[in-house]
Amino acid sequence: MSSADTPVAALAGDALRERAVDQLRSALGDALIDSLVKPGDDVWVRVRTDAWRAAGLALRDTVGLDYFCFLSAIDWMPSPYGRGEDDPTQPPAERSTEIKQGYTGGETRFQVFARVCSTTLHFGVNIKADLGDDLMVQSWIPCYTGANWHEREAHEMFGINFAGHPDLRNMYLPTGFEGHPMRKDFPLLARMVKPWPGIVDVEPLPGEPDPMPGDTAETEPAEIDSAGESGGS
Amino acid sequence: MSVETMLGDRQKLAYIAAQAADARLNVELETEGMTLNIGPQHPATHGTLRIICRLDGEQVIWAEPSAGYMHRGYEKLTEVRTFPQVTTLVNRIDWLGSFANEVPFILAAEKLMGVEAPPRAQHIRTILFELSRIANVSLFLGDLGVQMGAITPVFMAFRDREYVLNLIEGATGGRFHPNFDRIGGLFNDLPKGWIDETRATMKKLRNFCDEMDALLFGNEIFQTRTRGIGVIPSEIAVQYGLSGPNLRASGVDYDLRRDQRLPLAWDKVDFKVWTHPDGDSFARCWIRLQETRESTLIVDQLLDTIPAGPIMAKVPRIIKVPEGEAWVSTENPLGEMGYYVISKGDLGPFRVKIRSASFNNISIVPWLLRGVYVPDVITILASLYFILGDIDR
Amino acid sequence: MALKPKVPGLVKGLGVTLNTMLTTITKGANTVQYPHEKEAPPIRARGVIALREDNCTSCMLCVRSCPDWCIYIEAHKELAPPRRAGGAPRKVNRLERFDIDYALCMYCGICVEVCPFDALFWSPEYEYSEPKIADLLHDKTKLGEWMETVPEAPELEAGADNKGKK
Amino acid sequence: MLAITIPYWGQSLLRVLGGIVAVLLPAGTIVYLFLFKMMSFMQSRLGPMEAGPYGSLQLVAEVGKWLQKEDIMPERADHRIFKMAPLIVLTSTFLLIAVVPFGPDAWFTNFDVGVFYMLAVSSVSVLGILIAGWASANKYSLLGGLRAAGQLIAYELPMVLAVIGVVIQAGTMNLQQIVFAQNAGEMFGWNGLGNPYILTQFVGFCVFMVAVQAELTQAPFDMPIAESELVSGYMTEYSGFRFLIFFIAEFATAGVFALVASVLFLGGWGVPFSWFGWKSIDGVANWMNVVGPIIMFSKMMLLVFLIMWVRFTYPRFREDQLQRFAWKVLIPVSLANIMVTAILKVVF
């Protein structure tokens, strides 16, 4: 009841990906801000916020990417808490909060991104859009019905509003939960309630000054096996 | 085969019937309904999923799943972990096929780093991947019986799944959570005698599939319970992003094992991607049965051709993944499981979007459950086959 | 669909259960009567972590790579007698506390893997459940006792490149 | 006939005791042999092994456990009815045993319309189940109770119709007479097996057993309790002692129905008379009163084995499919069976 040997898609993948970008460009015009095709890998496009739904429709109808994979958001601000390994007795560490976007760039802290694929052509497109201060973007439900739950998730986790979504209720969190957990400035309490056991260091000999990092040659991990050593041994 | 054309018609009919039921419910005189909470603690939800149903008699007028009783915030947790630490987390997303969860993440990290695991590691990865599929789906087959009221299949499933878990434990050390994948390869090589043991177990598993075929799938009661129930037409399935057996049961011939090129060994074996034109509960269950059998054959083929060599590529001991973004998805037991990894050149990932199969698979439930009867709610949920960890992550 | 004469599925199903019953009666069950007989876990099974205290240099590597923060080490520096006669006394780290909280442990094995001095090992032992959750914190004496149960690493399958590790 | 004369109150007391033994002994055996052991073997495990040799005292342990448990009652339940429901279900079982003959003289009542009575009291349990479902103040229980009511009523009819064939063939509604008719009878002039109605009324037997399966709410007709849908249906809110009564009633009723079926179709307590050349039962009545119950018990076990075998193998129907099966398949089949039986009765 099926076929076993459809040709592996990646053979024609790059041509398809270039074509998809071209098709999208002709459909959206200058609403397509940037695109990136990594040969043999994947394709990224960024569209203007107001063209988000138009891009979805174009992807579905013009490019022929019928399969909805996922939709989510990115908070590009680095976390002010790091990995939660700070010493609570010390003053909080200074961390850069410089926002630097990934592939296809961007101007805002939040970006909404999604991926759609084709079940027949076997390639997918990652699509991103910037979000303004109102964090508002059109809902994708008219293009891909499956976006419903993904938009609800993005709404509660990042606080992004989807215009035209019928039912932006919380999905995971209790109703009335304050804050948006997946934002980088939302503290992860599991890493705050107790100090990192790795902060403690070996107590020095009485009368000896505290060892500087890299001082205790025999035991410092980074020195033993950082650079270039094979992990296979 | 004449069956196929007939099934196609039946699929259309069932689709029309579902819409008709929908219309009728809207026009018919409103009787006082009842709201039934299926879950969060309910034997049919294997986990803590809650489904709120409005009932008219035993017919469901409206149903809405309510997830989140088990949300563990893995996407947030990955941001405070280093790359090697993440694999222990993602093991626990779909806890029945845990090894399969590691693979796409590791592949994404490897893609960003530009390393590729040696052929032997790729091979063993694929074998373990298929074993975890068998472990996962064999439990599904047993669980299916329980949901339908047959108590024996589940014990048989546990019996034979045990052999597979023993194999996974024998090779990786972890029964449920192997954490065996490393960036650049595998933690260790296979222990001696493992290959022969695996071959014997695959025979047992094929026998188990035959038993299930006789006990459940050939059973007329089972067929009346599942055929024509919960029909998902292919367009709808694709729109909702259903994946895995649920998608293939709707007649969409889409299998990431075959349809994309990954540094894994699937392109070295010959296997059949099963599809079914019906899109009903029976089709979904039947596809899984066939895939279990197919997986045992894949494992057999792979065992014959394990290349010799190292299992670890050259990677630094302290792993820093270069800046970039990568998406890798694989055909997991439950469907397409993918990780969108964004790295900023740090020890840990900047953001990981986990695309889990069950989340999409279950999002179709409100659409699918309208107009069905309460017992069918259970069969449809069972046939969609979700793992709560995979929905809630 | 043309109806072929065949055994009805209902009867086949009855056959499967009857067959299993007879197999169980004649050949015995697949289960093990647990407290009386036990199945040996595989050699690599990750049951409990054993500590060889002499090898530990309290380098904190395991503590820092534990995803769950469930290992606690406290140590201090001491002067030990020199290796060669006439040499200067060496500074060594003396382990005071090495705790693993098994209530938190996820059994990932990263600590065993990263240990550069072979001080941590996996043992397949699994019977250490406790009525009180606090008792799951194993201190270095208890972790040392597990050393007796650590098996030899198994031989590797044909075609393997490197020697087996723990 | 026994030589001793026992006063009426003494007879009543003995009958009550006998009834309790006749209900509880098979129930206990069924639970141990089939629920604990046979089911386990079918699932390649051993079942309970710790209490007593091979777990034979497991049931005692379980009863002890249930008796200790707290008697929980939902706050909004209708307390009086809630307490009554298990008793009603169990009563139906005891009423049913009253007409089953165990030997030439070993019976509780020798009732001329025994078949009629048996069919009537067997549906009393529906009442218990229905009120248990209603009184629990639980949606799942209510659904279960309603399903049980619908199902049991639907299956009463095929059961009655299946028995009518037997009644026509035996020409009596007295269960004792039906046993005699089977063991003393002959099939087409050959009396090597007597005339057990399972052979001549095979269709009736099948319909009867299906109906029994449905009456007992065993898989594939266990929608009223359906663990995976309704979380045990009408029994959801019952705990401890009250659940125990439901539990006993379930298996005791299985035993009693198997007894009834063996009387109707397998020749009851007797063996074919031709085996030992008996002309009538009078000469051997005294020791047949002792051997009869044992024969009866083994036949019952055989039938319970069938019931349980099906139960442990099949998935369950959906409620509407079950009704359709009852009305569209079983009832027409049993009606046709009656017609054929009647015609053959007239012809031969």
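In order of appearance the chains are A, B, C and D, and numbering begins at 1 in each one.
As a convention for this text, contacts are C-beta pairs under 8 Å (C-beta built on N, C-alpha and C of every residue); 3 or more make two chains touch, one makes a residue touch a chain.
Values in this document were obtained by computation on a predicted structure and should not be read as measured data.
**Student:** Taking contact as defined at the start, I'd like the list of chains shared as neighbours by subunit A and subunit B.
**Tutor:** Under the touch definition, subunit A and subunit B have C as mutual neighbours.
**Student:** Based on C-beta pairs in contact, work out which chain pair has the most and send it over.
**Tutor:** After tallying contacts for each pair, the winner is A-B.
**Student:** Can you figure out the chain closest to the middle, judged by Cα centres?
**Tutor:** The most central chain, going by mean C-alpha position, is B.
**Student:** How many angstrom between the C-alpha centroids of subunit D and subunit C?
**Tutor:** Whole-Å distance between the two chain centres: 53.
**Student:** Using mean CA coordinates as chain centres, what's the gap between subunit B and subunit D in Å?
**Tutor:** Distance between chain centres: 44 Å.
**Student:** Just give me the whole-number Å value for how far the CA centre of subunit A lies from that of subunit D.
**Tutor:** 64
**Student:** On a C-alpha centroid basis, what's the spacing between subunit A and subunit C, in Å?
**Tutor:** 35
**Student:** When you check subunit C against every other chain, which residues touch at least two of them?
**Tutor:** Each of 10, 13, 16-17, 20, 30, 162 in subunit C touches at least two other chains.
**Student:** Two-or-more-chain contact residues of subunit D, please, as numbers and ranges.
**Tutor:** In subunit D, 42-45, 312-314 touch at least two other chains.
**Student:** If I count partner chains per residue in subunit B, which residues reach a count of at least 2?
**Tutor:** Where subunit B meets two or more other chains at a single residue, that happens at 81, 152, 156, 159, 215-216, 219, 221-222, 310-311.
**Student:** Graph shape for the chains shown, where an edge means the two chains touch. Line, ring, star, complete, or other?
**Tutor:** other
**Student:** So which chains actually touch one another? I want all the pairs, not just one.
**Tutor:** Touching chain pairs, listed by label, are A-B, A-C, B-C, B-D, C-D.
**Student:** Going by the contact rule set out above, which residues of subunit C touch subunit D in the complex?
**Tutor:** Result: residues 10, 13-14, 16-18, 20-21, 23-25, 29-31, 33 of subunit C touch subunit D.
**Student:** Which of the residues in subunit A come into contact with subunit B in the complex?
**Tutor:** Result: residues 1-4, 6, 8-10, 41-42, 44, 66-70, 72, 74-75, 78-79, 83-84, 100, 102-103, 113, 115, 119, 122, 124, 126, 144-146, 148-150, 157, 170-173, 181-182, 184, 186, 188, 190-191, 222, 225-232 of subunit A touch subunit B.
**Student:** Report the residues of subunit D in contact with subunit C in the complex, numbered from low to high.
**Tutor:** Touch list, subunit D to subunit C: 38, 40-46, 49, 309-310, 312-314.
**Student:** Where on subunit D is subunit B touching in the complex?
**Tutor:** Contact set of subunit D toward subunit B: 39, 42-45, 139-140, 143, 219-220, 222-223, 226-231, 312-321.
**Student:** Under the touch definition given earlier, write down the residues of subunit B that touch subunit A in their complex.
**Tutor:** 1, 4, 66-68, 71, 73, 75-77, 79-81, 111, 182, 184-185, 236, 238-242, 247-248, 252-254, 258-261, 267, 270-277, 310-318, 323-327, 329, 336, 338, 340, 342, 344, 347-348, 350-351, 353, 355, 359-360, 363-364, 367, 392
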